[in-house]
């Protein structure tokens, strides 16, 4: 997978990690690591304890580096890589205290974002059994982590819906205050020329209005698969506008929706309800490290 | 429930909301809301679409207020309140465009944090069927949201494990580099007098060492319920040290663990894997608002 | 003009003003205002000293309010309003020292952003003499002021090109590394479904490739008006893709470019080279204020 | 030119670049660069497309470095260097995607700040034909960029007026509330001993009052050159106080003002109305890079 | 005392308080206040437990307001006011939990800054017994609190030396690298026209050089009072340049230095070694509050 | 001394230094250093001018590194090291201008934090003559510097009381609103299980209540040594709860309090009233540097 597309912006990585480390360390630092012999070195592996898809590597790398540049890392599985239970994701070596201080922050990023990538991949795989439909995310992201979670969705094989309210127009029913869909699309074209205009509909007559109005995408909200199939037929083969399904699609139903021939299915759960992927740090206990009570 | 204990610090609320709104609005603002008539007013309700427990109200209130102080809110169900499907959580009224611009950010906080509270409550309820054990969280929180998520755990009836590495000592096996549990506890007492010292163990002989060393808490990691019951017996009735179970406890097993008589069960999933609670904003469509195409 | 479309996001206003005030006041505060009698009150007007278009009112209001909530303001001319020399833009009244302390920061925002709006309006007016073409901005904005300047362009009657690298795809020659335009557009569609895809071209054969590839917009770069007219003819009447002219368009040439029938003309100068609009604060010198040596 | 005097503070460079990159990249990153082959390398030159004076190099360097430390740069023309059309300002080499992602942010700083330096130089050169007068800036800077723009003025050969309200006292007419110039200067000396005290005047009798009061500088505001010459004569040869001309001085009139023998001329336009210097990034297209469709 | 001169900039107050509250409250908030009945109200007084001078009131007010806008305050003694042991500085009333949560942060600001003001006043008073000399601060301030501490010095009757490295030129021996004092002053005048130029000397021949060079101030460093008296005589009656004594002046020696006729004495201890003024919050225990164990 | 225990969190160091440098350098930078020849190099030593204990080295190192990575440093005396007058704490070498620009910020951190460590050590030494009592700090820290000052206390041999309101429960008289000590402790145990609970008392009967209630620590406030001795006797030999003395303990009285056998003495003065340790930077004046006027 092209790493250029699956990593979050460097600015988002840097500030998210600064914030997370401050949150875990201040004011007194790592009380427990302060009990360690300062000269103790360690090496170890970040290991996946469950199958999934990796995301968040840049955050984990940044977390270890910010705590101590003396920690050396070899990252083996880049964002987007599938992992099996037991797979080594990265190797690291450095001062024991620093490694333990950074561990939880690094794993929190990695676990949460890999969780998003893993759930995304599950939807993508399920949809594939049904058709060509792409899975994508929504704006239902964890506050403050939008950039990181949207990258994780890409790492999982999903696409991104708009990044925020500033990226494109999405006309919902609440926006249609005293104006028709046609008027809404025309207003959007006039004010925001050249920009994606999507219209949310929940009835076929609205769909026809949106098509006529020339929307780029139509979001069919909360329809059953059969109704979506009707909508796809109504839209026709030209794939214009793109048809996007939204609202309550689950892993159980996604294949049925994909089978309708809809172009896109957006799933809020990818980011608001993905369980973390279980990843851990296993330290080596070779002769040079001599840990344990023996 | 005492609101003083379930709300996050005001500083955390303010900065998290500032960040989340900037993330959703910049650079161009809400493209779609810009199409609305500026004089349009609206009123509506935040409604729960599923049963659960509310948390994050302070963030939602702050989000609407930061977008537009002209939005009036009446918050009906404070953090910690149970909700049934269909319950109205809050009422609001104000400029339609402002309400729609703030809606998603407010709901993202409310949905995520209520999700944490709801899952916590499920564990608390399940544990109650087993015994007196308290449920609590871990440091496996979403990066940057520690303060908010830990408050949501309290709203769900859970207790908080340490807030960060600075709050208390937790000696894990990786910390026991060339020193015994007794030495570790003694070092912690010497360096951090008067502060909670917890020791993680995975065998009964280690538990005995920790008891003898005078730990305040012992974290029994990844033990089966039967082994935990042995550990409880070993510890005795004096409830000193407190016995905390950790590692892979699920909703299915939590009652069995609670039945062992352990004092505490810490569950990472409360914060790293809680699905969002489904909440939505329903706008009223009375005569003064006149929305819709009818 | 709809104020919802011409104001920048509240988050951008707040932080830009905080930054600007800190920059002007710290560490010692306003040395000169500290010489004033603290009880002195003043009233006055913000007046335009030249014709133009107002933008930045929200920043000016925020600057006075952050310095001293006791300053009362009546804003008369909202963003997007034309002004003649001598027009009163706003009235204010409050503690003299506070008004003088905030004056320069407020006017710096107002002057710079009104300058952007005024230059935009000049291009818009010039283009109107030539045709229906819309004027828009680029990413050549002043670092840190993107959101404010793009709003000022809208206040001047312009439209916004993409807000940043995250909003849409713009394939330039430097991106066509070992791939054709067709491949580039296809890659963009695959990776970023439903999102605007624009292609920069500087020859007619490239334009044809871009049309065939199905680009949403084509940016014709550095072409003479005659060549642009050929491109418009090539594109045909269906206005798909939109044709956007870019590169070195000036106030002198914009009408000629507009006359070609191109849909859009983007002008970096709107934001990188707009002279400030000259605005000043005139204090009243009525009997209640008694300033001056007379 | 001494680079120590023409570079902005490192703290200002770092934070301005962080802000500008975040503004251009978040939330999704550079959509278009994500289409590139990740292994593609490129080299190129930053070239001036117009004559001028360079400023902002430290910001440009920082922008490339923050995006990707693997980009190697050789900066050829430091701040303060004159450039002709076609001159190479810097050479760089590194990953193609990183270079394209950082390009606009780096050039926005460089173009804006070189524009300020170039306009400053034009005023300095024009003044030189008239006399010994120094050109300097005002507080009419772009909000948030004060430190960078003031450094650019120095790079252009200008001097800096006060950096902000905290640096020195400038008594204007609005400050003379019920007190004379003499009383104002005395109050300033008493409260802020040892600090520059400047008085703004618009009549010769005020000038005499300011001289008698012992002001360090007198700002003669909005006077015609002839009147300034009278003021210079009134002040006498001792060059105490320094005489500073302000208000509406243009490139057309600056020589006449300089010919009066005034010590300083402050020009708001240097920072609020300087057009950007046109600079571009030209990528090499040698065999190792193989770009283009040929 | 003119409050305009003794308060710090509003921007510095706001951000310092935000930072201090976050530092004291996150992640879990005030654990102890969470045990209180939420409806409990309280009233009380901030009382000085020692004689001194008040500073920092704006920070204290801001701290209570940020924690809870429902806290009502009546501030009785503004910055610069002398206090005796037992004096009431402010009255407040509001939710008990909020008051206790904000108490320490508010008092930390008030105690530290009043300590600075109090020590400043002691030096000012001691100097007054010796002569007309003004006391002022240095750049030896507590990192991050420069603006607040310099305001506290003013509240104590002291004057401010330069606020930072950007405000004026101070040529020390380490700066005289291969250039004379005359050359140094000339270079400063050329590069920073109209700005204060101070020269540090430790011998009379250097003083003569500095006078000849036209320095605005001369800092005589680490001289005994008798030598300072010689320097004052050398400088003469015209009070130009101003003579400033620095280096190891104590409360015991300041009168002797002041008696020399030096214009200014700068004392690093005002800000780097001032003990806090002891202030406390006494809650009322009237019938409406009913606290205590009875 | 174990460096892991005496250094502040890296996050706190980085942000405090960024803030302090910005405060000293913006907007114009170091005016005086700009007069230096840019090629001038220098070397020198940070030397203690008084006996004491070092703290803050990480901040000083960070300050020099942020200003100019070309400054090479060899830090000789880590935090916690005792110094005599004249001892060299660190050696550095690099560009003269950069060294002088960073000098004051670096020394401000080092002087303030070493002052805290030195005063702590004085209390620790004085207490040692009386008994085994540990000295510790309070929350009476300088706003914004909590993390750094608490680390300095550790460097001085002291222990840390709670880092903030979030770390443990401290029930004071103001918290006992309509509830007894027993009820307060029980409430704390219920809400914050496993966390340190301390109770403040000022009478022996309250002490007995606190012991019975099972507090982990009892803070005896403002008692005379004889009364503390009674309290220690009351508590008994089991050292549970720990007895902590607080309130007005001075260097003169600390030995007497330590002799009572109390476990801990907390002293607000360690952080709110520690005079700075006098440290300076002495530049070498060897042949390669050639400074001075000779």
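By written order: A, B, C, D, E and F. Residues from 1 in each chain.
To be clear about the criterion, a residue touches a chain if its C-beta (ideal position, glycine included) is under 8 Å from a C-beta of that chain, and two chains touch if they have at least 3 such contacts.
Owing to the predicted nature of the structure, the values given are computational and were not obtained by experimental measurement.
In terms of the stated touch criterion, the partners common to chain C and chain F are A, B, D, E, listed by label.
Listed here as common contacts of chain D and chain E: A, B, C, F. Taking B-D and B-E together, the pair of chains sharing more C-beta contacts is B-E. Centres computed as Cα averages put chain C at a distance of 43 Å from chain E.
Mean C-alpha position of chain A lies 50 Å from that of chain E.
Per-chain Cα centroids separate chain A from chain C by 33 Å.
Residue positions of chain F touching 2 or more other chains, listed in rising order: 5, 9, 23, 25-30, 33-37, 146-147, 160, 163-164, 166-168, 191-192, 195. Across the complex, chain D is touched by residues 18, 21-22, 25-30, 33-38, 66-68, 97 of chain F.
Partner chain B is touched in their complex by these residues of chain F: 5, 9, 134, 136, 159-161, 163, 166-168, 191-196, 198, 216-217, 242, 244, 263-264. Against chain F, the residues of chain E that register as touching in their complex are 16-17, 19-20, 23-37, 40, 42, 59, 96, 100-101, 104-105, 107-109, 111-112, 115, 139-147, 164-178, 180-181, 184, 187-188, 191-192, 195, 268-269, 272-276, 283, 289-293.
Those residues of chain B lying in contact with chain E across their complex are 2-5, 7-12, 14-15, 146-147, 150-151, 160, 163-164.
Remark: chain B residues 23, 26-27 touch chain D in the complex.
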